[in-house]
Structure formats: structure tokens, C-alpha cells
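The structures considered in this document are given below.
In the two assemblies presented below, chain A is common to both, partnered first by chain B and then by chain C.
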Partner chain A sequence: MPADIFANRRKNIFLFLAFIAALTTGSMVLTQFDPVNGLISILKAFFWGLSNFYPDVQSLSHITDILVKLRDTILMSIASSVAAAVLAMALALMGSRSTRIHVFFTYFSRGIGSFFRNVPLVAWAMVLMLSFSQSSLTGFLALFFGSLGFLTRAFMETLDEVGESTVEALKATGAAYYHIIFQAVLPSSLPQMLSWLLFMIETNIRDATLVGFLTGTGIGFLFDVYYKSFNYHVASLIVIVTVITVIAMESISNMVRREIL
Partner chain B sequence: MTLLELKNVSKCYTGTKPALSDVSFSVKEGEFVSVIGASGSGKTTLLRCINRMIEPSGGEISFNGIMVSKLRKSGLRKVRTKIGMVFQHHNLVERLTVIENVLHGRLGYKSTLAGVLGIYNSREKKQAYEILEILGILDLMHKRCDQISGGQKQRVGIARALVQNPKMILCDEPIASLDPGSSKIIMDYLKNICSDRGITLIISLHQVNVALNYSHRIIGFNKGTIHFDGPPSRLSPGRITEIYGAEQITESYEHSLAEAAG
Partner chain C sequence: MTTGPENKIKFSGLEKPVTRAMIVIRLTLSILAVITFYSLITLDYGSVNIPRAVCDTLNNFRTIFIHPFSRRLSIPDIFYEILVTIGLSILITVFSGVIALFLGLLGARNLSPKRVTSAVKAFVAFIRAVPSILWVLIFAVSAGLGSTAAVIGLSFHSIGYLTKAFAECYEELDRGVIDALKSTGAGWWTIVFQAVIPSSATYLLSWTFLRFELNFSNAVAMGAAAGAAGIGFDLFMSSTMYFDLHEVGLITYFILAFAVTLEIIAMKVKSKLKEK
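Coming up: the complex of A and B.
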């Protein structure tokens, strides 16, 4: 009966909200989090930031140094994203429903994708530091592994979306496996994959900053140095430059996306 | 001369009733055969078993003197080059141009490298132009396939099948998602292909009146078995009801008879 459906829906929404409220209160009690204190400290941090964390004229003299490190960071992000994309493409072609040779490869590719994606970037950086110490190779590999996990999954979804219809059509003409991949599957999915790659590069520039803290490379390291030596003016300049770069990358890739999709 | 022969072909999907059971018939060269039947009666399965896009569970299929059902990979590819296929949803690569999609029909004849790089010789291109000209879409040649209408896409699909130089074309409900005008154009082209080039056509259809108007021969399917096999003149309303197991079909048949008379 229609009336029951509405009553049921209301009941479900109420139960859901009650559940969320209970979850929030429960976690606040367990962690002894005081919301009032929390809000006040955010305000305090905000005012501290306004009075200390801004670039002054003197800090501008460090700009060339910052830009050099920024360039390194950008190049490393691009290099790691592109390298990961090449390998991810191979894994995705192996694992996608429409192009796989055997269902085993789907599990294989999915497994690799999940593993590399679900180990946090910071953990990758820490582990890799044991073998490669503080070098840009460590940063590169950490970003590479993270990107590989994400891109494998994204590429596989893209290939699955292309669907089996064109694959079926070309198979019916007597075309061979590689013909089908290069003539039907890749032309349909490359723009979408390129879009994912651009997204990955953006994300990696952000993450490279974090990885740089740990591996002692790039703009992240520079930030760390100035921040820990209480030179907040230069540190804030680095943050601003990074934000501008990320926004610029985002708008560039949006432009490219509009062109290709 | 017999081109295609099916002997006791059957297909069982796991966990369901058989989609095809004990299907036997043969098709002569140059015949226009319509396959009719309700949804789920096994039309699509039948067509896809012929070129083994679906693996039959049992029986024998021979095409042009070759035992299709026994072929391994490369032999199967070779046979498929001689069997074109047209789909309900066109199955084109939407992001590529019309001419690129048409030339895909030549891939079965290509070496791995030439096919991967998409290298076609001038004879193949000329043939593609001629076919596009015949189908009246030569001016769309450089358009991307996501920018043309459904009827035009289906003509591209037919062109792709024709460029294979097939002996037979399988059409899986080629007009099921087209408007009546486009449907007529497509059916007329298919009819011409059959009569002018002597290409054998096997078409699965939903519209009984279309089957009656165009085919040399109609095969009626119900629950995976053949319930009628003969020329359109012998397909009585009673037989149609037997194939579909429904009343309204007879009405549409009578309607089409009235149309033909008027």
C-alpha cells in the first residue's frame, strides 16, 4: 500500500539519522573530544596564521630557490604518473572484461591495483626509504606505486565501460586480438584514460609535497626546513606557490579535457 | 547450391531451458531468410552460433563446405571473414569516423602489424568508397560516428559487413531500434544486396509483416525449436499464432495483408 511505503521511508530516514548521531556522540565520548574547545582552537590557529603565516618582502628573495624545487616536484609528479600509466594500461588490458584472455587475469590486475592503492603513500615512502634512503628516487617510487594502484583500477573501469559490443563486432569480421585492441578498444577509451592521467598528475603534485617532507626532496622538503627553523614567512610563500601551481595544473587539465572528450 | 547447413544444433546456457534444441536447416546461396519468433525464442543465439560468436553445445554447422563447428582459432577467423554481421545497436566505434569503421571490415584479412597500425591499401579504400556510395552515405565519410543518426549508423554497419566481401551476412534485428522510415531504407538496401550481389542473408526480425514482404523464406522459432520453415505464402495466421503464441500478432498480419492489397 502506498501509505505504508511513505511511512516506511520516513522511519528509515529517522533510523539512519539516529544511527549517525549515536555514532558521532559515541566517538566523541571515546576520544574525549570537546567540540567547544575544538572550535576555539581552530579560531586561535586562524588568528595565529593571520599574524605570523604570511610572506613578507624579505621572503621574496627566496623565490628562485623555491621555483627550482617546485619545478623538480612538478617533473617528478609527471614522470611518476606517466610511468605508472604505462604499466597500469598493460594491467588494465589484461584484466578488463572485454579484453581479458582469461578471468584469472582480472583477479590478478584487481589484486595488484588494490594492494598498491590501499597501502598509504606515506607508508610507501617510509618503506622505500629503507632501501633508497632520502633521495628523489624514493619519492618517485612512492608516487609511482600509489598512482599504479589508482590508475590500474580507473583504466580497468574505463575499458569495461567501452563494453563488449564493438569487440564483438570486430571479432565477427575475423579480426585478431591485437587488431581489436588497437582499432576498437583503445580509440574508444584513450580520451577517458588521458583524463584520468591528468587527474593523477594533479593529485601527485599535491602528494609530492607530503612525500617530500619524508624523503627530503622537492618543495615539501623546503617547506619542512623553513617551517622547522621558524621562518614562517618563507614557509607561507611556499604554500601559496604550491596552491597556485595546483590550481594552474587543474585548469590546464580541464582545458585539455574539454578538447579531447 | 547449399551454402550453410545446420544439423541438430543445440545450445544450453547453464541453469536454464535450452536456448536451441535440435535445430536443423540448410540455406541455399543467394537466399533471403528471415528468422522470426518472440523475444527469448533463440533467434539471437541461432545467429551467433552460426559464426560461433556463441559456442554451440552440440550439432554440426557447415558453411561453404567447411565444418565451422570443428574449426580452431585461425581457421575460424578465416571463415568469419566470409560471414558479415550486422547488429541491432550497430556496434560501431563511436569515436572513429565512418570510413575508419567501414575499413574495420578488412581487418580479418590483415597481418597483425598492418591491422594494428590500420594500414589499408588503395584497392580496399576504393572498395569502401564504392560501398558508401551505393548505400548513399559517401558524404558522411569523414564524420565521426557519434554525430550521425541511427539509420545512418546502421548503413555504416552494413558497409562494414559488405567490405569483407562476404558470402553471407547475418543481421541480428537490424531494424529493431529504428523508426519506420529508416527501417524501410535499411530493408531495401539489404534486399538489393541480396539480389544484386547474390549475398545470402539471414535476418532475425520482430516485425512479421516486414518478414513477409522481403524474404524468400521464413523460419519461425518458438522456445528454441523450429515451428515453421517455408516461403512467406505458406505462413498462415494460424501458424503465426503458433510461433508467437499470441493473438495480436495475427491482427498485425491481417493489417499488413490489407496494406498489401490496398
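Coming up: the complex of A and C.
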């Protein structure tokens, strides 16, 4: 009956909304989130930003310093993503359904991927900091571990999509294992993998700020220094430079993606 | 996403032809390789004695992963802190989901005029380009360090992500459905609530859940970097203030357990998305 459908739909929507409302209220109590203060602070932050958070003439004298750190951050993000991609590729080839030698390797690669992805970036940064101290290497390694987890999973999914049938067909022609991989599997999945790698680089530039914050390196650290010394003009300049970099990086990867996919 | 093999492998004689896509791939890979080599060589190694640092790190990892325990925090304590972090991520997800639901409508090409969609898309791209930690710190100036600033700052980033995803979901809706409803005289809101949202509801929920997973790890990070409440803050304290690696281990295991559970659910959600 049509009336029933509408009544049912209304009931379901009501239950769903009630569930979400209960969840939200519970979370607010648990986290001591103050919605009124939150709303006010958005407005306050907006007006505060208009009156304080913009680069002035004096802050422009710091631009060389910022650009040097920015260069370090970009290089670090690219290097960590590429290094992680190389290792992730090996793990993915080992574990993918289409190229694995034994099911055991799938669990192995999946486990490693899941482990590195889910141990929080903060934990990596903190632990590495103890022995590698405040050097760029700490940031590099922290980003490397996080990227390794993500890329292993992404690459494995990409290789899985090539499908077992292609590999089986080639096996039937008597092609050797490395021929199958280098002539069929890799060429057909390379564009997608490259696309993931570019995505990882974008993400890492953003995450490098966080890691830099925790480990005292790169542009994140620079922001921290100026932010904590209330020099908001320079801090805002850093934000602007970061935004431009991320957007530029995104447009470059989108250009590449359009060409290859 | 990948183009079929028929577009790429066109044999002319015995030579493999060089397509434009192949040139771009090779060029990109070589540039990335050169940059990587360059940055690994010129990386600021400081005064780090690398072999010793590696040994130390391995030792630390052993402490963390093989001997996790804590004197300061009991298991219920950690459980409670994890719950707080989950609470933060729920708030972030709900707020950003509701806002993105409407902002996505303005960003969908089939529902809004072109000028509006471009404005929304540019706005959203800007929001996403600012690293989440910076959003949190900017709001911390007016709201003070803590959960309020973390929730609002991270919601911003999450809005950017979900608006883009939602707008793409709405755009998948068949043009004919909207035209048919328009011809019956249905208004914009009727079209939205009776056709657009019901037909994309599953996708919207899946995207929201995938974002919840990300919000959880972000909430952990903000606890450490911006003093927001929850397990991230404990992680920060135990590693930088108490230097208690055993405790770091215990906390890491708890976070890992929850994150892996979320990942498994997310994987099921994703495969459902792909089926459709």
C-alpha cells in the first residue's frame, strides 16, 4: 500500500534522526564540547582573522626563511612517498590476488599495510624523535611509515583489479612469472598506481605540517614558532604559502591524471 | 578508471608504439625519482649517528610492542579516553555531514547554477588545502585549546572533503529524473528531498563512514598536537613528558585495535559501494 510506504519512510527517517541526535548529545557530554562557545568562537575567529591574521609588510621579510622550509617540506614529502611506494610495490606484488605465490603472502602484506596505516602518525613521530632527535630524518621516516601502510593497501587493490584471468591466460601461453608481471600486470596498473602516488604526495605535504609540528622540522615547526610567539602576521603568511603549494600540487597531479588515466 | 588495453597497446609492426600517456608516466616517474634522490642526499641529517639511531629505534619498538603496560593509566582509563576520542570524531562527522549535505547541493552541477557550483568548489578546495592542524590552531585562538577548537577546526577539513564527495554523488542522479519531477511542477526542495537525497542516501552514508575513519585518526593527532582531549593527549604526554615507552605501547595497541576494526568495516562498506 502506498500510504504504508510513506509512513514507513517517515518512521525510518525519524528513527535515524533520533539516533544521530542521541549520538551527538552523548558525544557532547562525553567530550565536554560546548556548542554555544563553539558557535561564538567561529564568529570570533572570523573577526579576529580579519583584524590580525593577514601578512603585513614586515612579515614579508621572513619570506626567504619560509620558502627554504617549504622546499624542505616538499622534498621530504616527495621523497617519503616515493620511497614508501617502492617498498609498497614489492609488498603489493607479493600479496595481490593476481600475482601472489601463496595465500599466506596476502595476509602478510595486508597485515603490514594495516599495521603501518593504523598506528597513529603521532606515535611514529614521537618514537622516532627519541632516537633521531630534531632532524628532517625523523619527519621523513614518520611520513614514510604512514605512507607505506596506505600505499600497500592501495597498490594491492589496484593489482587485484587487473584480475586473475589475465594472469591465467598468460600462464597458459607459458609466459614466465616475471614476464607476466613486467609485461602485463605492471603496465596495465601503472597509471592507477602513479595516481595513488601523486595523491600520497599531496596528503603528505599536508601531513608534513603536523609531523613538523610534533618533531620540530619543516614548515610546521616554523608555524609553531611564530604562532606561539603571537606573531600572527608571519604565521598567516605561512598558511597562505602552504595553501598555494597544496593547490599547485593538486593541479599538477590532476593534469598528470588527465593524461594517463 | 584505467582505460582498456585497446587504447594503449596498438601494435604497428613489432615495435611497441610510444603513446602520450606513456611519455607522461615515464616523465613523471623520472622527475619524482630525481627529486627523491636529491632530497635523500641533501636531507638535513643533523648530528644523528644513523646506525645507532636505528638500533635505538628498534629497541624502542621492542619496548613498545612487546612490553606494553602502564602504571599511570588503568585499562578503564584508556578505554574512557578512547571513548572521548570517538566522541570527538562523531561530533566532527555529524557536524560536517549535515553542512556538507546542503553545501553539496550547491556544489552539484545538476542542481545549481554554474556560477554557484564553481564558487562552492573553489571554497571547498581552499578549505581542504589548509592542513587540519592549522585550522585547529586558528580556532584555538578564540575558543582556547581543547575539544571545542579541535571539533570545529577538524569539521572544517571534513566539510571540504564531504562536500566534494556528496556533490559528486548528487551529480550521478539521472538528468531525466529531475526533468520529470520539474515537469510535474515540483519545486527545488521537493526534488531534493524526494529524489536526490533518497536515491543517493546509501552513498552518502558510506562516504560519511569512510570520513569517520579519517576523523578518528585526525582526532588522535589533534589530541597530541593541539591539546584536544582524548587518547591522543595521553599518547603525547606519555612520550614527551613521562618518556614511558611501555605506556606508549599500551595506548598504541588500543588505538590500533579500534582503528583496525574501523578499517575492516570500511572495507566492507567500500566493496558494497563498488558493487553498485
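We adopt the following convention: the second predicted complex is superposed on the first by the 241 of 261 C-alpha atoms of A that agree within 3 Å, B and C clash if a C-alpha of one lies under 4 Å from a C-alpha of the other, contacts with A are read in each partner's own complex, and residues count from 1 in each chain.
The rule is short, and it goes like this: a residue touches a chain if its C-beta (ideal position, glycine included) is under 8 Å from a C-beta of that chain, and two chains touch if they have at least 3 such contacts.
Keep in mind that what you see is a predicted model, and the values were worked out from it rather than measured.
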| item | value |
| --- | --- |
| Touching partner for A:A90 - first (chain B), second (chain C), both, neither | neither |
| Partner chain(s) touched by A:L17 [first = chain B, second = chain C, both, neither] | neither |
| Chain B versus chain C as contact partner of A:K171, first or second or both or neither | first |
| Contacts of A:S188 with chain B and chain C, given as first, second, both or neither | both |
| Contacts of A:L67 with chain B and chain C, given as first, second, both or neither | neither |
| Which superposed partner A:A7 touches (first chain B, second chain C, both, neither) | neither |
| Broader residue contact with chain A after superposition on the shared chain, chain B or chain C | C |
| Overlap of the chain B and chain C footprints on chain A, listed as residue numbers | 187-188, 191 |
| Chain C-facing residues of chain A, complex | 20, 23-24, 26-28, 30-34, 37-38, 41-42, 44-45, 48-49, 53, 72, 75-76, 78-79, 82-83, 114-115, 117-123, 126-137, 140, 161, 187-192, 194-195, 197-198, 206-207, 209-210, 213-214, 217, 220, 223, 227, 239, 242-243, 246-247, 250, 256, 259-261 |
| Of chain A, residues touching chain B in the complex | 165-166, 168-176, 178-179, 181-184, 187-188, 191 |
| Sites on chain B touched by chain A in the complex | 51, 53, 77-81, 83-85, 87, 89, 91-96, 104-105, 107-110, 112, 115-118, 157, 160-161, 164 |
| In the complex, chain C residues that touch chain A | 1-3, 5, 8, 20-21, 24-25, 28-29, 32-33, 35-36, 38-40, 42-48, 50, 52-54, 56-57, 60-61, 64, 83-84, 86-88, 90-91, 94, 125-126, 128-134, 137-139, 141-143, 147-149, 151-152, 217, 220-221, 223-225, 229-230, 232, 235-236, 239-240, 243, 245, 248, 251-252, 255-256, 259-260, 263 |
